[in-house]
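Look for subunit A in each of the two complexes below; its partner is subunit B in the first and subunit C in the second.
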Partner chain A sequence: MMSHQPGLFARGSAWVVALYLLLPISIILPVSMTDQRFLSLPREALSLQHYVTVFGSPEWLASIWQSFQIAVVSTAIAVVAGTLCAIGCWRLASRATNLVRALMLLPIIIPSIVYAVGLYRYFAGLDLLDRFMGVVLAHGVTGIPYVVITVSTALAAFDPRLEQAARGMGASLMQTLRWVILPRITPGILSGAIFAFIHSWDELVIVLFIASRDVFTLPRRIWDGINENLDPAMAAVAVLLVVFTTGLLLLDLALRRRRAE
Partner chain B sequence: MMRRQDVGWWLLILPAFLLMTAFYVAPIAQVLAISFTEPTPGLGNYERLFTNESVQRVIITTLRICVITTTISLLLGYVLSYRIALASPAAQRWWILAVLVPLWISVLVRAFAWVTLLRRQGLVNETLMSTGLITEPLQLVWNEFGIVVGMVHYMVPYAVLPMLASMREIDPRLLAAARGLGAGRITIFAKIFLPLSLPGLLAAGVLVFIFTLGFYITPALLGGGKTLMVAEWIGLQILDLLRWGLGTMMATVLVVAILVTLAIFSRLVDMKRVFGGGGA
Partner chain C sequence: MSAAGHSLALRGLSKRYGSFTAVADVSLDVGQGEFLTLLGPSGSGKTTILMCIAGFVAPSEGAILLDGQDITPLPPERRDFGMVFQGYALFPHMTVAENVAFPLRVRKMGTAEREAKVRAALDLVQLSAFGERLPRQLSGGQQQRVALARALVFEPALLLLDEPLSALDKKLRAELQDELKALHRRIGRTFVNVTHDQEEALSLSDRVAILNHGKLIQQGAPAELYEAPRTRFVADFLGKSNFLAGTVQEVFAGGFAIGAGATRVVTASAELPPLGSQALLSLRPEKMALLAEGETAENTVTGSIASWSYLGAGYALNVATPDFGTLRITLPSWNAPIAPREGLPVRLGWSATASVPVLDDEP
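Take a look at the complex of A and B:
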């Protein structure tokens, strides 16, 4: 039996859409290697001078390092809280836990501008404005939904009788968690960690409101760059970011494939 | 009733619950509260919805851009999902990668790429001028056109995911059978494929619409401060004009609009389609 194939028009237009998605992003690669001093395509030769500028700039390096630290700590918060919560909700599976799960999804549904405005005022009272701890908390809390979603998906494929058997044979809750549940859902937890990390690493709106001088993350520096001086160093930073994100994404896909096998 | 043996499992939920309440729900509740108390207690801020022209203009602009963006994103996303759903498993993997990579690439990087392409001395204008197609650079960015181009680019992957999920549930034997019975390509699409993919289309529409409503970065960078959407307007009120009452009022309206949209459509669409398998 021959399978149904899309027509020529459908195939062609799908290619056009795919190019619309990918081409604008790939244009930054040649632009980042321009030999000119302004944002343009290379004229005479390819040059890595703008990468040298970025790696020689204490400001860019400081922002990259700060963003990395914030992302690591906030991912840790999101993974621990999100994983435990997803397991609890999965095991109890009641009306109340459905509400809890809906609550955990709020940061994806409510626009970050609303949260950022609220946090600006809230953190002023707690003396957390422009503090490392403040940004970590904000990114950690808003990273929880990604972990809850991926871990819940992993748990959906987990046979609950395994947990009952372990408990029935006298294992404590901690032992069951450590030896029965966690090993089975590790790929889901890692996926969640990757998404929570990317979330914090890319996050700008909250940072625009609750940080100003001492905490100056990478997205914040890019934002200022786009608004003030569009120089080719920006394109170099953009390329590095794309490479980094794509790498994390491929890692996640590899993990998923292993889980599927 | 909480059973005794369940206490341990509830304790697992506790850290996330406390974090979420103290550092997410509380700040947002404060936003809602301020909209009723500042500058003076009462509904004064909400009265502006009916009397203030700038408030009304920003709402209308936002809705217009959201409707345009959602429509185009759904159309482009549908074309892409249709192609992916009917591709061979090996080809599907590549197509899905082409959707996922843009989805996860920083929104700032993408806005930067669009500025590089579309500004006055940008690559598009330079190419068109050097080929002699135009003599004056076109105004492609820092206006509503630029916003829509950038937003659609951001939203297409979000539109594809729910649509693709629902298209994959369509039994390919149905299509083959229709073909065997002599139906043409257009008939198969209109009578079988399209109706069966409608739930995914609707879910994608809800998702894209609520995401565009509160979008901040792309409109701010590609709108150039002239075309204001709700999120940027709220930021302006709070950071530059210090009008907390007005800003938080609009933030509240935004949240209510999103929750109402979700509530209406949760009767029509399975919300799991919108927020993935682990959703509420």
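Take a look at the complex of A and C:
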């Protein structure tokens, strides 16, 4: 146990940073409940009219649904590819696999706008522009790093003798994977899945480049809303987004706590 | 369980990692139902040999034969050997019963048969009441027994034990040694054990193979190794020993005499060295006695007590002598002839058969 207490300065700056991070998010809550017809703070009363608008609008609902579908499928791609990559690198454990792991992190290292321009060039030739599949692939691939990181971390804590024990008792590679390795790294996989999902759920830059009309995700609609008219419905959607993402992060936290027990 | 023991043979086994030789040309036979222990200090290659037998490490040279069949190229999952790992390697997310059932599950055995075998295996290690617990809810000794049950439940051809008792405290270790020995007698399987603990090796094994720097130094029954070590390393590693160095002065039938300074010492020996050569004798501390006034022995040396310690059952004295340095001697404490005190002059005596000539190991 640390007996050292943080000083006044450390405590103060921690609160300042926390507030700095939270304030811009908290401002949208009153804005979303404005009684005005434009983006503003409420004047006379709180109103849920903009939430009603969102849930009554086929455009908003379609975007939410589409974003959700894209996030689910791209998360599946990221989880399968990322987990297999992490396990493969862990089992082979050589200098080459370290390089592979580093390569896998490129999508979060390279600025997404650069990545988006590259995708745009390639997808044009493959007829994947403005396609559900195109966005799913783009989000799936850029979601892989999150899964590789969390699964590699889980594997680092995995006792390699458990694998030896399983094989010594006659288990094939698949049996060892299914019954011994996967159950031990499931929390890592779930964490990775949650991050990959959030990544796809609020990704805008790539979507701006590779989608236009048929694929219109939620962040894209918010973006257009800001550019075209300052409809307070956006604030309502933003609140919904924040609530949803926070829920996922809390889920991740709960899973981690269970693993730590 | 059936008493079907299998025999194992190592033929010229070597393992090199780059320029480092972990195991150098080891040949060894393990008979059916035998309990063999590979004993050596850390880095002696004993664990590498066990890993080669288990199939986790591919030997650089040599072959591993099971009942005369070459199994060197087989992967571990095809060898059908039970193994108890150092630290046990129990699956933490499975209950005790699920852990023990694992090898049966991978063999796709039916549920009823599986449950019966798991019950029998847990009975064998007296853990029937603990099937639903998780490994972390058990004590170290209980975990060790789960690991044994898991390694034996599928009736493996061979049981491999990698320092099975090293994580336990001394008292528990002694208890489990007895249990392990009884288990071996009861099921009659072939056991190969690895340890650095010489007491464990002596008390458990039918046969011990002593390794150092990847080489097999000597093998034999525990008593044979203790009483007739061939090299200085074996004598020193297995129990404690004094070493007397001197020049061969006289050779006679069944023994010879060495001289060092003004002292002459006779020893029994089957092999007789040439006159004038250098010889080294191993002399166990418990094989010497303190001589009373006027008492004689085949060999006597005088000296004074340099230091001493009380060990409960006995005393250990370090006696400084003019020609052989400090000699260690142990005496039972309940009828010790003297009250030890530093500086006390004493006379040590022993018979010619108490010592054995040993080779000085290559540096």
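Rule of thumb we're sticking to: the second predicted complex is superposed on the first by the 250 of 261 C-alpha atoms of A that agree within 3 Å, B and C clash if a C-alpha of one lies under 4 Å from a C-alpha of the other, contacts with A are read in each partner's own complex, and residues count from 1 in each chain.
Just so it is clear, a residue touches a chain if its C-beta (ideal position, glycine included) is under 8 Å from a C-beta of that chain, and two chains touch if they have at least 3 such contacts.
A quick note: this is a predicted structure, and the numbers were derived from the prediction, not measured.
Student: Do subunit B and subunit C fit side by side on subunit A after the overlay, or clash?
Tutor: Taken together on subunit A, subunit C would fit alongside subunit B, as the superposition shows.
Student: Quick one: classify A:183 as touching subunit B (first), subunit C (second), both or neither.
Tutor: second
Student: Considering only C-alpha centres, what angle arises at subunit A between the directions to subunit B and subunit C, nearest 10 degrees?
Tutor: Apex at subunit A; the opening toward subunit B and subunit C is 90 degrees.
Student: Looking at A:159, would you say it contacts subunit B, subunit C, both, or neither? Reply first, second, both or neither.
Tutor: second
Student: Residues of subunit A touched by subunit B versus by subunit C: which partner has the larger set?
Tutor: The partner making contact with more of subunit A's residues is B.
Student: Going by the contact rule set out at the top, does A:243 touch subunit B (first), subunit C (second), both, or neither?
Tutor: neither
Student: Touching A:175 in the superposition: subunit B (first), subunit C (second), both, neither?
Tutor: In the superposition, A:175 contacts subunit C only.
Student: Could you say whether A:115 touches subunit B, subunit C, both of them, or neither, answering first, second, both or neither?
Tutor: The first partner, subunit B, only.
Student: Applying the touch criterion given at the start, work out whether A:10 contacts subunit B, subunit C, both or neither, answering first, second, both or neither.
Tutor: first
Student: Just subunit B (first), just subunit C (second), both, or neither: which does A:20 touch?
Tutor: first
Student: In the overlaid three-chain picture, which partner chain does A:254 touch, first (subunit B) or second (subunit C), both, or neither?
Tutor: Touch status of A:254: no partner.
Student: Quick check: superposed on A, how many Å separate the nearest Cα atoms of subunit B and subunit C?
Tutor: Result, nearest C-alpha distance in the overlay: 8 Å.
Student: Starting from the residues of subunit A touching subunit B, keep only those that also touch subunit C in the other complex, and list them.
Tutor: In subunit A, no position sits in both the subunit B and subunit C interfaces.
Student: Sort out for me which residues of subunit B touch subunit A in the complex.
Tutor: Answer in residue numbers: 6, 8-13, 15-17, 19-20, 23-31, 34, 76-77, 79-80, 82-84, 86, 95, 97-102, 104-117, 119, 123, 153, 156-157, 172-173, 175-176, 179-180, 185, 188, 210, 213-217, 221, 231, 234-235, 238-239, 244, 247-248, 251, 254-255, 258-259, 262, 275-280.
Student: If you look only at subunit A, which of its residues touch subunit C in the complex?
Tutor: Its residues touching subunit C are 159, 161-162, 164-172, 175, 179-180, 183-184.
Student: Within the complex, which stretch of subunit C touches subunit A?
Tutor: 54-56, 75-83, 85-87, 89, 91-93, 102-103, 105-107, 150-151, 154
Student: Spell out the part of subunit A that touches subunit B in their complex, as residue ranges.
Tutor: Residue list for subunit A touching subunit B: 1-7, 10-11, 13-14, 17-18, 20-22, 24-25, 27-28, 31, 39-41, 77, 80-82, 84-89, 91-92, 97-98, 100-123, 137-138, 140-142, 144, 148-153, 156, 173, 198, 202, 204-205, 208-209, 219, 222-223, 226-227, 230, 234-235, 238, 241-242, 245-246, 248-249, 253.
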